[in-house]
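Paired with chain B in one complex and with chain C in the other, chain A is shared by the two complexes that follow.
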Partner chain A sequence: MENRPLEYDYSVAKMFMFTTIILGIVGMLIGVILAFQLAFPGVNLILGESLAEYTNFSRLRPLHTDAVIFGFTLSGIFATWYYVGQRVLKVSMAESKFLMALGKIHFWLYLVVVAVVVVSLLAGVTSSKEYAEFEWPIDIAVVVVWVTFGMSIFGLIGIRREKSLYISIWYYIATFLGIAMLYLFNNMAIPTMLGTSAAGESGIGAWYHSVSMYAGTNDALVQWWYGHNAVAFGFTVPIVAMIYYFLPKESGQAIYSYKLSLLSFWGLMFVYLWAGGHHLLYSTVPDWMQTMGSIFSIILILPSWGSAINMLLTMKGEWQQVAASPLIKFMVLGSTFYMFSTLEGPIQAIKSVNAIAHFTDWIVGHVHDGVLGWVGFMIMAALYHMAPRVFKREIYSKSLMAAQFWIQTLGVVLYFTSMWIAGITQGMMWRAHDEFGNLAYSFIDTVTVLHPYYTIRGVGGLLYLVGFLMFAYNIYKTMSARPVEERELQNSSPMGA
Partner chain B sequence: MVDIAQLQAYGYFTLTILLVIALYGYIYHLYSTKKDADGVDYESYSDMALKDDLGDTPVLPRSDDKEK
Partner chain C sequence: MFHWLEKHPFFFAVGVFVTIAFAGLIEILPNFAQQSRPVIGTAPYSTLELAGRHVYIKNSCNACHSQLVRPFKSETDRYGHYSLSGEYAYDRPFLWGSKRTGPDLMRVGNYRTTDWHENHMKDPASVVPGSIMPAYRWMFANSADIETAFAEQLTIAQFFSVPYNQPVPMRDGSSAVVKMGGSVSDAKALALEEAKAVAADMKDQDVKDAVARGEIPEIVALIAYLNSLK
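Our next item is the complex of A and B:
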């Protein structure tokens, strides 16, 4: 036992792989239920009148968003960090008892917070800020989890053998710092029990309730600075970290241009933080700030496409791999969807386009071609690549993976095309008026027209969920598939029939 | 008379120009020097992902005496 050569230790990565899959199923299942609730309102009462409080759209919606963002995606980020981090720094977690213990504490604390979040959101306890619904006691626990993650990152960097930090590590560090800053500032709040009303009452409300430290327009500004950058540092930066490691590794190809990766990194870091104002176009925030949000959103195309093109060109001369390997397919389509959504977003941020797009389903479509096509595909690809190395077994079924790829791709396409049509229809109908300025349509007219598209969206989401269940099954069966030799794990992942 | 809005506008314009110069300067620096301060070609850093077994030689090993 003692003479065993030093190996990378994936125990923490494995634990987070588990939560990625479980929370992915939960979050996506709720998403599908919500989609069908919008198409068929009766689904709100799916468990009967008496439980309607827990099954209606408004109660489940934050559970969906938080489960896929802070459950599925964050777990995926943690799982890949505890895998990629060791490998590119060339240091094993087994070399430090402290880091090993810290990683496990990180996981268990995270799991406790997830459980508390699920219970509190189902109970309807919320601060009512989008993507920041957790009340202050949970916020404090989240900060502790995040600090543990940070200590793991910098601890591992501290004992590294490789002097330079690989580009993915830069992106993981940016994820840590970005979210830390955003989360702290947006969640600044005063517990209501500390306040005194104008009438002199004190100790108002339940102990866990709080009000934001910002008011009115300022609150909206901070909220969307946070909200948009949660997309930046939760859905973009860490996913770019993943693809910069997993695509070169799986394909055996060096990054097309390492210099371009550095350039895009700094471009993304500088530009992204200023783009949040585009969520508040035509609202009460200062006009110059809206314009700034628009302009920075357009500029954002450059660093985003810098990374995406770098990824696609990494496959230069090796395109036959895309046809041969479903795992490469996931990553190449992922970076293609990244290009789509980072072009679509800036278009929506142009003021005149936004006049039609704002508050419509087109926005929902945009978010989902990004998260389903880019974030979801990349995280699943990462886990597929990790599975044979972590379990030392070949991926259970290549054909199942290929079937999953096509089912989910169809799902994503149905999702975003239906939302494009629905959104633009909605935007045009809301604005239509006669020569005296009277609105041409009432709200219910739009609902009637949109019904078929809402149904198609539900079907698209369902297909994606079915694919995700196939993914979960494939990973589960991988744990008992054919054992593989060390040499089979160099680049392309071994797969069973 | 110069009011605060005018000052802001000049400041904004100057900052934009400076950032553009910094960005193009960085691109020029990357592509003309090709190597970083340690004399390693930027492109060879891709090997950190490709050759990432514990036994593989690091692209640039961290030696303790240099680190301190």
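Our next item is the complex of A and C:
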């Protein structure tokens, strides 16, 4: 064996870093517009009456969710995979022409699908299912992209030098398998061009339109089995993969407990899928499934907190790093928000709490403390750690990074606190009766009362977006402004000095 | 065992897959054995109603409006009888939604009229002061896609045996027949007939003229769908 360190090839990781940042800006900007549309409906006409169809809340809403899930987050997952994968498997992409080509195909196909999705959602081509809005031709393209991702994972594993798979790899494998299974089953549909009329006509109407394989309650069951676990395998599993690599690397500390990571991983795999039923409490889904959904949601605290505590204890004896390094701040606060969000979720899954929380902004608040505080912070931290090594330059500004951290933290806090108050207020007003047993409030009363909270939420979201733009600027300056480092940074963090 | 798995990626992946697939097998499959059966009084959607449902989906109305009445006094007081599973037997996809920025619409056909919807979709705040719902004025200009709605009817009749052109039992003991055209032109004629009945209750002259010319604006199809929600 040669004695010099491996030269890793980051060209694919770099490409996905760009889409992470660009789609992050797009998705978050749309989110801020949506937030202000709820506070000030006039914003629906932001581009004038003639374009109202494409700028109103309902047309933009799926674009926001899909841009941040399948744009920002997925790009972040891919970018980190093409960085972490090589390093923990001790093999370079450059060693295999096939894997290199596959990685590039993966990126360009992904970019094409993203472009088609944006156009189709703006045009109102949607299946209506949350986070599964795409019609069948796009679904097929998504499957192809996903298969290239899978081939890349298993291809790299196939030529690895390090025989034992590091914890992050477990989570990347689970991400691939979980999303593959969920996406395939939830999007089962029959294209309507197959319908033949009595007169023998077929191929009638829009060729891309399809009808769901499942009806009514069954459809809801499959959708929320998917919807909940798309969160699991998009927002939890791969993000945990990231923190298991980046936190020990950045802090120079070993993972606190291998056994705890084993327990958390297999526990999470087993328990998460059951919890989808908590989206359907008090619906027409059978009672036993609702109860299972509730119970398993509570059990889910164990593996979730297992990972988070493992991360926090990794910092044991090294807490001064939190004060010194903004990058460590992002990751430690990210783990903390993960704990917070995975405690809040189970509370909302308790049937009596859910009776108030369901259909309200409290759920929106819950999603956002998870995605802004945990997913967003962790992906940005990962990119901050990668940038000096990928571009071979020091991070442009540490103080800009620290400022960004505090601005975004304030944004997240404003976001979830306002949504808690809004959600609980509305949930309580819907169910309030007066002394004669009549409803105390008409529906519109429960809408107008939310105006201040919607405004605060908009400001919170705006702060987060401003922070994200600072992040984008910092990365841009890093890759373009400073001179090239002599050698690749191996262990030391630019933040540590 | 875990150390061994970590050195054998194939078996590791199989192990993960079995662990995550397990819950789906137990939770979802048994319910599928019991196919959704419609309750008495639930009929398939007509061509125009289905076209309206597509307008509803196209504009993601389900992003802000649920179609699920939960079994609480406060909800049955506000929206009517709580939802029954069989009432959704013909809903592909389901449209329960996950957020009530606006009120539930499961039974909106019971307490809102064509006239109300027309005014409301043009300018929500003029009907409900303080409303934050945006106006949907383009629905008065765009044409509904009747052909795709017809294609969907044909598909669900062929693949899922949805009973078109067959008697369906109603709550009062009678039976109703939802007609499906034998050809595209036939289907369009049926939809237009229904559209004329809706347009007769509307005030917008452009919409009335369009229907008189044989066109069907999106708003007409949408109102037909909303009126069918009972």
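FYI, the second predicted complex is superposed on the first by the 465 of 497 C-alpha atoms of A that agree within 3 Å, B and C clash if a C-alpha of one lies under 4 Å from a C-alpha of the other, contacts with A are read in each partner's own complex, and residues count from 1 in each chain.
Just so we're on the same page, a residue touches a chain if its C-beta (ideal position, glycine included) is under 8 Å from a C-beta of that chain, and two chains touch if they have at least 3 such contacts.
Treat the numbers as computed from the prediction; the structure is a model and nothing was measured.
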Checklist line | Partner chain(s) touched by A:Y244 [first = chain B, second = chain C, both, neither] | finding: first
(message) Quick check on the superposed pair: does A:M181 touch chain B, chain C, both, or neither? Answer first, second, both or neither.
(response) second
**Message:** Applying the document's definition of touch, where does A:K163 land relative to chain B and chain C: first, second, both, or neither?
**Reply:** both
Next item on the list: Check whether A:F16 is in contact with chain B, with chain C, with both or with neither, and answer first, second, both or neither.
Entry: neither
Task = Kindly classify A:F359 by the partners it touches after superposition: chain B alone (first), chain C alone (second), both, or neither?
result = second
- Can A:L262 be said to touch chain B (first), chain C (second), both, or neither? both
Partner touching more residues of chain A, chain B vs chain C, is chain C
Residues on chain A touched by both chain B and chain C 163-164, 262, 266, 270
Within their complex, chain A touches chain B through residues 5-8, 87-88, 90, 92, 160-164, 166-168, 244-245, 248-249, 252, 254-255, 257-259, 262-263, 266-267, 270
Chain C contacts chain A in the complex at 2-3, 6-7, 9, 12-13, 16-17, 19-24, 27-28, 31-32, 35-36, 57-64, 66, 68, 70-75, 77-78, 83-85, 87-103, 125, 128-138, 145, 147-160, 181-184, 186-187
Chain A residues touching chain C in their complex are 37-38, 41, 44-45, 49, 52-53, 56-59, 61-62, 124-130, 154, 157, 163-165, 170, 173-174, 177-178, 181, 185, 190-199, 201, 204-206, 209, 211-212, 214-223, 225, 262, 266, 269-270, 272-274, 276-277, 279, 282-286, 289, 292, 296, 355, 358-361, 363-364, 430-433, 438-439, 443-444, 447-448
Note: in the complex, chain B contacts chain A through residues 19, 23, 26-27, 30-31, 36, 38, 40, 42-50, 52, 54, 56, 58-62
